[in-house]
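The next block holds one structure in the form of C-alpha cells; read it before the comments.
Labels run A, B and C following the written order; every chain starts at residue 1.
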Amino acid sequence: MSEMTLDAPEDEGAVTVNDNPVESAIARLKERFPDAVSDDPRDGYEGVIVDADKLIEVSEALRDDLGFEYLSSVTGVDLIDDGKLEVVYHVYNIEEGGSAVVMKAQTDRDNASLPSLVSVWPGADFQEREVWDMYGVHFEGHPDLRRILLWDGFKGHPLRKDWQEPFFEEEHKPFGSRWPGGSVARIEDSNPFGKNVQYPEGWLPTGDEYDVEIDMYPHEPAHREDESTRMVTDKVTVNMGPQHPSTHGVFRMVVELDGETVVSLKPVMGYLHRNHEKIGERNTFIQNIPYTDRLDYLSSMGNNLGYVLTIEKLLGSEVTERAEWIRILMAELTRIANHLWALGFLINDLGALQTPMLYFYLERELILDFFEAASGARLLCNYMRFGGVAYDLPDKVRETDTMTFLHDLIYENIPNVLDQGENLFVGNEIVRTRSIGVGVLTREDAIAYSAAGPVLRASGVQYDVRRAEPYSYYDKLDFDIPVRYNGDVYDRLLIRMDEMRQSLRILEQVLPHLKETEGMPVIGGKPQYAIRMPKAGEAYGRVENPKGELGYYVTAKRRDANPQRYHVRAPSFINLTALGKMCEGHKVADVVVILGSIDIVLGEVDR
Amino acid sequence: MTSQTDPSAGSDITVPDELQNNVVITNIAKVLDPVYNWGRRNSVWPMVFGLACCAIEMICTAASRYDLARFGMEVFRATPRQSDLMIISGTVTKKMVPTIVRLYNQMPEPRYVMSMGACASGGGPFKEGYNVVDGIDKFLPVDVYVPGCPPTPQALINGLIALQEKIGQQSIATVPWYSKQGDEFTGAVPIPVLGPDLVDLRQIDIIREEAAKAETNDTAVEETAESAMPEAA
Amino acid sequence: MYGVGILKGMAVTLKHFVDTYLDDIYWSSRGGRYYNDKAFEVRQSLKGKGVKTVFYPEEKLPMPERFRFVPFLVTDDPPPGQNWGKDWCTSCGICAKVCPPQCIWIERGKLPNGRPKPEPVNFYIDIDICMNCGFCMEFCPFDAIKLDHDYELADYDRTTAHLFDKERLSKPISYWREIAPQKAAAEEAARTFAEQSKKKKKAKRGAEGEQEPAPTLNDEYARQLMYRGASY
C-alpha cells in the first residue's frame, strides 16, 4: 500500500519513472499535512511551501515514508519584495533517481528563524550555517550555528539584497560608467581607506576583534584520567591550515587529539570565499559562465556545463547535436584530468612524494593541451555557451590532426597511464596498509551526510546524476556506474580509477559521433550577449562533476538580464560535512589522507 | 701601465708604483655582489602556498613539464622559515590576509613576494566582492607582478626570471636586511585584524578620522564625501 | 607475496628512468635532444617519452590560435612614416557591456555637432581585473578587439603599468594575421562576404543613402555564425 504509486514499470519510459515519484510524493505529503503543505503558487516555480512549524515532521515523513532520503541542497533566497526570506530544500530519491522534491520554508526578514533540519539530515549542517552566514536565518536547534564563510563579527549578512559591499558600483552589470563616458577610475581611489573595506559609522577598533589564530581553540583544557594508570592527561588541540601542505589550498582543520587519536575535527573554511554568488547575482546570465570556471578550477568544463544546462532550462533553448557530443567529450576528459590530479595528490598525501603525481600530470598536460587548442585556455576554459559551445573543435592540436590526437589519447595514452597507475599503487602494500579501513563512511552515513560523487559511490550507493537524471546525451551512452562497498580511503582511490575507465568507455562511443557530425553547427541560434529571460521562474540544474553532484539554483524575473538568485550546490563543500565523522578515532596522520580522498577544491568549497 | 683603481671606490688611496700590478682597489661589494647574487638567484626556494586557481598552474610549473628545478626553485618548502619566495598564487581574501601577513613576517630575509595573476595583483575578476582584498600589495611589498588569469606556466617562469634579474641587480651594500638599526625587525608588517571588516592597523589614524567625521556628521548637517560610500545595512 | 606491489611500482619508475636515457641515445645522432626543433616537437607530442620538459625560455611551446591572454585593439597597418594606423574600434561599447568583471572603459568620440563619432577617444583595460575570458573578442562585431598571445608581461610595478591605455593596447592587423593566420583569414573572408551581401542589398534598394553605412548588427551575427561553423 505504502509505496504503491512508486512501482514504475521495470522497462523503459524514463519520463514516467522520473516524474511520478515526485508528484506522488508531493500528493501524499499534502494529503498527510493538509494545513502545512501547499503548492508553490508562483508562476514558473515548482515544489511545495511548508509551514515552518511542521518542517521537521514533513522532512521526516519525506525521508522515512516516501524514500526521499538524500538532501542535496539547501539554498537561502531573499524575497525582499515580500519582506521574507526563503530556504529551499532539494531532496532526492536515491533508489529511484529522478528529479527533486523541492520544499520551501519562509520566514520574516526581520526576525528570521526556522527549525534546523540537522536532526533529520546531518548533511544540512554546513549548508544551514551558510544560509545563516549569508542571510541571517537563525536555525533553531542547530548544534553549532556559527558563521562559516565569513568570520564572527562581520557586519551584516552579505547576500541580502539590501546589503552593499564597499566596492558597490551599481545594482546590475553592465555598469554605466564604462561606456560611453569611460572616465577610468580605480574603484579603491573613491574609498576613504583606499582598500576594499567599510566600517559601521563611528566604529573604532576595540581590541576584541576576531582572532583567526585562536578562534576555534577550547578555552579550558579537557582533563582525562586514565583508568588503569591513574594518569591525568589533557586533550591537545592541533591546528592544521590554512597554510598547510596537505590541505589542498587554504583549508583549515582544528583537530582535538587524545594522544595521537582524533577525538573531534572541525573544518574551518571561507579562506577563499570570493563572493561568487553575490557577484553572480549582479552579472548578466552570460557573464557568469567564466566565473563558473573558477569554482572547481580543476574541472572548469564541467562547471560550465552545469551552468549552461540550468540557464537553458530557463531559456528553453535548443542545443545542436554536435554541441552535445562536444560537451560530453569535454566533460569526460575533464573527469579524467581531475581524477588524475586527485589521485596524484592522494598518493602524495599517502607519502609517495611527488613521483606518481608527476607521472599523472604529464598525461593531464595532454588533455590540457587539447583544452587549450579548443577553447584558448588550459585551465579556465569558458567554453560552453547557451545552446552549444563557443567554438568547434580545432583543426590541430600540437601539430597533430585533432581526431587523430583524440583517438591516440583515448585509446593509448590515457589507458597506458591508468595501467601505470595500477602498477604504481593499486597493489602497493604501503598504500594498502595506509588506506584500507581508514576513514570509513558507511552507506547510511554517506546518504545522511549528503555526500556526493566518488565519496558516495565508494560507500556502496550506486548513484550518479548521469544515470539518475540524465542530461545531455548521457542516456544514449552505454556505461556503468562503478560502485565500491567499503567506504574507506582505498575504495575512494579505486573508484576514481574505475570512473576513469568508464569515462574512456564513454569517450570511445563519442568519437564516432564527432566524426559523423563534423561540419555541423556547434551553437543553436544567434550568439547573444544581452539575454533576457522570456519568463519568470526557477531552475535547479545539476551535473555529475568529477567531485560529485554540482547543482545550480537560479531564479529570474521576467525580462530580467540578471539572475535574481544564483546559488551553487558545491560538492566539495558538502562532502566536507562528513569529514569530522570520517576522521574520528583515526590517527592524526590519517586525517591528511582522508581529506585527500574526499578530493576538495577550495574554489568550490568557499566559492 | 694603467692603474687598476676603481674610481667608485674612492680615489684617495695611493698605491705605490711597485705594487701597481699586484693590487686591485675596488669596492668590496662589486666583487662580492655577483657571487652573492648568483647564489641567491639560483636557489630561490618558494613556499608551498597555493591560494586559488593560479596555484594549480604553479604546481604544473613545478611538475616535470616545465620543471622549476632548472632554476633551482624545485625545493618547495612547507614552512616559511625555510623559504625565500612567497608566490601569492590566487585571490587574497580578507579572512586569509592575516595569515598571509603572518607567514610573510615569519620568512627570513632576504624574502621576495611574487604576485601571481590578476587576483593577487589587483583583486582580479573578484575585485568587487566583499571578502576580497584588492591587491596583496596593499599589505606586503611585492617584487614581481605576473599578469594573467591565470598566467600560464610559461608566464610564471617569465616572472620568475624577472625576479632573478631583480635579485641580480641588488647590491650587498645597499640591501635593506643588512642595514638594520640594532635588532629592529624592519621588514615586519603589522598583522591585520578582523573586525566588522578587515582592519589594517597601519590605517588606524584614518579610521579614527573617519569615525570622528561620522560623529560630527551626525550632529551637523549632512555627510558629503561619505555619500559615495554605501553603508552596511 | 608481500612486496610485489612495491616492486611493481619501482619498475614503473625504473622504466621512466631508462626511457630518458634511451631517448638521449636516439637523438644524439639526430642533432641532439634539447634545443632542437624536431626533437622538441616529438617530445611535446603524444609520442613523447622520457623527459618531456619544455626548456623555457630557450624553447617555447607554440600557442594555439585560440590562445587567450590580455586583449589588444586591432588597427590598420600604419601607413609609411606614421606610427599608428586607423582604429578598427567604433566605440560601440559591446565589449564593455559584455565584459564579466567590467574591466573595459571606453570614452566615445564626439563629432563637432555633438553626435557620437564611431571612434574611441580613450580605451582602457585594467589587466589586474581582466579574466581573459575572451567575450570581448567573441562579441565584437568589428573584429576590433582580440586576445593577445603575448604572455610575457611580468613587471615590477603595477600601479601605472597595469592599466593599459589605447596606445599600449593598439596593435596592427598584420600582428593578428601573424599570430592567428587561419582565424584572421576566416574573419577576413566573412567580412568580405558581409560587405558583398550588403552591396547586393544596396544595389537592390537603388544604391542611395549614406556613403559608408556602419555594418548592422544582424549582418554581423550572420558573419559570426558563419565563421563559428567554419573549422579554422
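Here, contacts are C-beta pairs under 8 Å (C-beta built on N, C-alpha and C of every residue); 3 or more make two chains touch, one makes a residue touch a chain.
Because the structure is predicted, anything quoted here is derived from the model rather than measured.
Central chain by Cα centroid: A, whose mean Cα position is closest to the mean of all protein Cα atoms.
Here B-C and A-C are compared, and the pair linked by more C-beta contacts is A-C.
Distance from the subunit A centre to the subunit B centre is 35 Å, each centre being the mean of its Cα atoms. Averaging C-alpha coordinates per chain places the centre of subunit A 32 Å away from that of subunit C. Residues of subunit A found to touch two or more other chains are 169, 290-291, 362, 365, 380.
Chain contacts: subunit B has residues 64-65, 123, 125-128, 149, 152 touching two or more partner chains. Taken residue by residue, subunit C touches two or more other chains at 52, 100, 126, 131-132, whereas all remaining positions touch fewer. Per the touch definition, subunit A reaches subunit B in the complex via residues 149-151, 153-156, 158, 160, 162-169, 187-188, 190-206, 209-212, 242-245, 248-250, 270-275, 278-279, 282, 290-291, 294, 297-298, 341, 357-358, 361-362, 365, 368, 378-380, 602-603, 606. Per the touch definition, subunit C reaches subunit A in the complex via residues 2-6, 8-9, 11-13, 16, 41, 44-46, 52, 64-68, 91, 93-94, 96-100, 102, 104-108, 116, 120-124, 126, 131-135, 138-139, 147, 163, 182, 221, 224-225, 228-232. Residue ranges of subunit B in contact with subunit A, taken from their complex: 48-53, 55-57, 59-60, 63-65, 78, 90-91, 93-96, 98-99, 103, 123, 125-134, 138, 149-150, 152, 193-200, 203-204, 206-208, 210-211, 214-215, 218, 225-226, 228-233. Contacts from subunit B toward subunit C in the complex involve residues 64-67, 70, 115, 118, 121-128, 135, 137, 142-149, 151-155, 157-159, 161-162, 166.
On the subunit C side of its complex with subunit B, the touching residues are 51-57, 60-61, 69-70, 100-101, 103, 126-132, 151-158, 162.
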